[in-house]
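Next come two complexes built around chain A: one with chain B, the other with chain C.
So, the complex of A and B:
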């Protein structure tokens, strides 16, 4: 049965349901999902690029799987993420601010989280609120921590979430790729470059991301 | 494992918070003779914590983390209490257990690690307060010792339940009146070091944390003995200055006062015969290594 539930920017409410519980399914290889609806990967690249170019503060959150050079593949992904960020910086217009904020580990760092320089999966909303982030992409975050964060973000902020997942994707993101690789990250960068100048950014003050 | 295995990806290095950069650049992972003297000249494995100003427990944490012989391959198991406020700021693998369960968790963990990593030394260190070790978790504590589980149990003894307002604990001294124990303790402090010895611990020490060099020595001994022979137990006095009515500056003096020869934290040590032999061997090897290094240095300078 196809679910009528849609994974949309919040704030949904304090404890939003897990999208999986609402019937949202994960994409098959070669597919992605947009707002909980399975879509061809092609379309997802376009949509992700558009969301990044529209956002006032488009942000990439690399996680421990790419921040730490566990192996050659991780280091290559880190290089691709830096490339994506550089492209994003080049392609946004004055008034937009691309950011690259790390999630170095998953410890619940109370009370010391510095939202200017890092994001923590146990209270990701602090970093999003502080930096007024209205579109973000998770990459290199272990799935269980990504799910936790994505749900908190959907519950308490109006931020659009993208997951570049190396496994099967994330229902709780508004847009999710699966089987993330260096090639896919580079392809997203290319799409952003291609769409540069064709997307109207939301330059008015970003919708308050705090839940009222 | 050495610190070479945990490098930050070059392309994302600049965005990492400075505490992580420092951990990679100047922490003492992999250093053979790491110890409390590294404090101040290298990155400590504890970041800012949320303990009270002047809390002796924070001193104990710093000395212990500086002294663990193998931090990159150590897993610490904590329990509910003030220590659990600190573990999120500690750059050593750690697990938070249910209140009192710490020694049971550590038993399973140690066994699993030896199956999963048969060729590698993996140390397990339990660090919990007196409530978790002696009251709520006494069963788990003792059973782990009876089974001769090869890990170290450290008890931060502040002689009451500090972070819930000062209730009576088994390790509280007789007659002590706390905020939530107004009648005063009616019976003696549980003699856990003696119980540990009788329960099969091979290395037992009861002391305060006023002297960093002493803490370093007992931590290294306890971990080495646990690694090779069997369970070890350290009971360290870390007074709760708030609950005993002291000021932030007075924690150190309180420990010094409590370690005098007639006091309850006078240094007490028990070492089993196999542990004595092991420690003697380690000391001899250490001496040999230092002499060789000295000789090498003098040759290089000549």
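So, the complex of A and C:
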């Protein structure tokens, strides 16, 4: 059954549903999804780059799988993510602010995290709201923790979410790649570079149910 | 964390070749073997590259648990031991799975009920443990005979729940179960159920894959949660866990966590369809009368259909293979032409009929029954009788049979 549900920026609901339970399916290898609709990967690169270049505070959230040098592949991915961030910084216009905020681990932190320096999957909105992030990309975050965060973000903020997933992808993100590799991260960087200057940035920042 | 190279084509310490799962299950030669269901469980586990099996005796799964002990003695399983109780077994299974092992266990009846607290914990922790449930009576007075009431308690634990009809299902689904439940977008425990004694203690011809071929080992680094990270949930549950905090963020996190478990069940749909060739099997669903059921009630239903055909009554069959994920769309489509839907079950409550009623339009079409329970058999004649009575046809009671 084809779902009419679409995975869109929120704030969606007090408790938004898991997109999978609304009939949204994950892409097969070679595909991506945009707003819950399966799309060719080519299109997803363009759309992800466009969203990054439109955002006032485009942000990359690297997780433990790329922040720690578990193996050679993880280290190479980390280098590619740093490259993507540098490209993003180069390509945004005055008034836009690219950020790189790590999710170093998933430990519950109380009374709360410092949203200036990190994001936590249990209360990701604190970082989104504090930094007025309106577009973010998860990369190197374990799938369960990423889905946990993506639903909470969709519920309480208007932030556009992108997942660069090394496994099967995330239907709870507004845009998701699967089988993420160094090559895919570099290709996204190249696409951002190519589209530089062709996308009009948004003026408003992420709205939230708390601040609005 | 190392990225493991592909092991396909290499051999384990027993000389079994790690084989591409699709080739193992669909292309490898099969040998017909005359085995009990318990022996079939042993043979499936032999080919499953299992790391740990934890056992505790309770009829009718004890024989399978003991036979897997033989596999350990032969060197096919990494570790095998008896837990202190069913609750302990399921907790120990969690520990082994947290540590990155492929885990197998078997349970039944009151033992399953005693261990129940662990099953939502397994699901919440995203542990792809496989648990065989050889269903039997659970209530007092004691019964060790077949009864599927315990399945209804498993349906809302967050586990995948499959219901095998035959020993052949059992053999194939044990292997396929790991392939589905270990997918990173699923990564949930599987309760693979059968009707005790009918499947476990009767002999049947089962087509086995070669004993020198086995599944590739489990790769815990594809897990959607960190493997054995003592500082983070789900392993870290009791020291400053977010679930113990009373504030909106904690509740929202826990809610999102629960949703993710059920989202993972939804994601298992695609993989289950791939490996099981659909979530249901159908025969003649253009008929106005359908039998929709699961487990060995399917076999009895098939025989009832044959008896009805002899009397000129045409009846179709829907075999429900997976209860979680629930084949909602499939059942709706398969029953769209039916005027009467009969759901024979080996339990007193008719939980399957309730699920079907909640799924289809015009649920008054569902006749919940016939039911037997407490170890009674279900002669095909009572299904025939139920159908004929509902249709207003003359039917003889079987109650006096044998008097």
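In the analysis below, the second predicted complex is superposed on the first by the 202 of 212 C-alpha atoms of A that agree within 3 Å, B and C clash if a C-alpha of one lies under 4 Å from a C-alpha of the other, contacts with A are read in each partner's own complex, and residues count from 1 in each chain.
We take it that a residue touches a chain if its C-beta (ideal position, glycine included) is under 8 Å from a C-beta of that chain, and two chains touch if they have at least 3 such contacts.
Computed from a predicted structure; not experimentally measured.
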item: Contacts of A:100 with chain B and chain C, given as first, second, both or neither; value: first
item: Partner chain(s) touched by A:167 [first = chain B, second = chain C, both, neither]; value: second
item: Touched partner set for A:123, first chain B, second chain C, both or neither; value: second
item: Touching partner for A:67 - first (chain B), second (chain C), both, neither; value: first
item: Partner chain in contact with A:108 - chain B first, chain C second, else both or neither; value: both
item: Which of chain B and chain C A:18 touches, first, second, both or neither; value: second
item: Chain B versus chain C, judged by how many residues of chain A each one touches; value: C
item: First, second, both or neither for A:144, with chain B first and chain C second; value: second
item: Contacts of A:81 with chain B and chain C, given as first, second, both or neither; value: first
item: On chain A, positions contacted by chain B and by chain C; value: 74, 107-108, 110
item: Touch list for chain C against partner chain A, complex; value: 1-3, 126, 183-185, 187, 222-226, 229, 231-233, 236, 240-242, 245, 249-250, 252-253, 255-257, 259-260, 262-264, 266-267, 270, 329
item: Touch list for chain B against partner chain A, complex; value: 6-12, 15-17, 20, 47-48, 50, 88-89
item: Residues of chain A defined as touching chain C within the complex; value: 1, 15, 17-21, 25-26, 64, 70-71, 73-74, 105-108, 110, 121-123, 142-145, 147-148, 151-152, 155-156, 167-169, 171-172
item: Touch list for chain A against partner chain B, complex; value: 62, 66-69, 74-75, 78-79, 81-82, 100-102, 104, 107-112, 114, 117-118
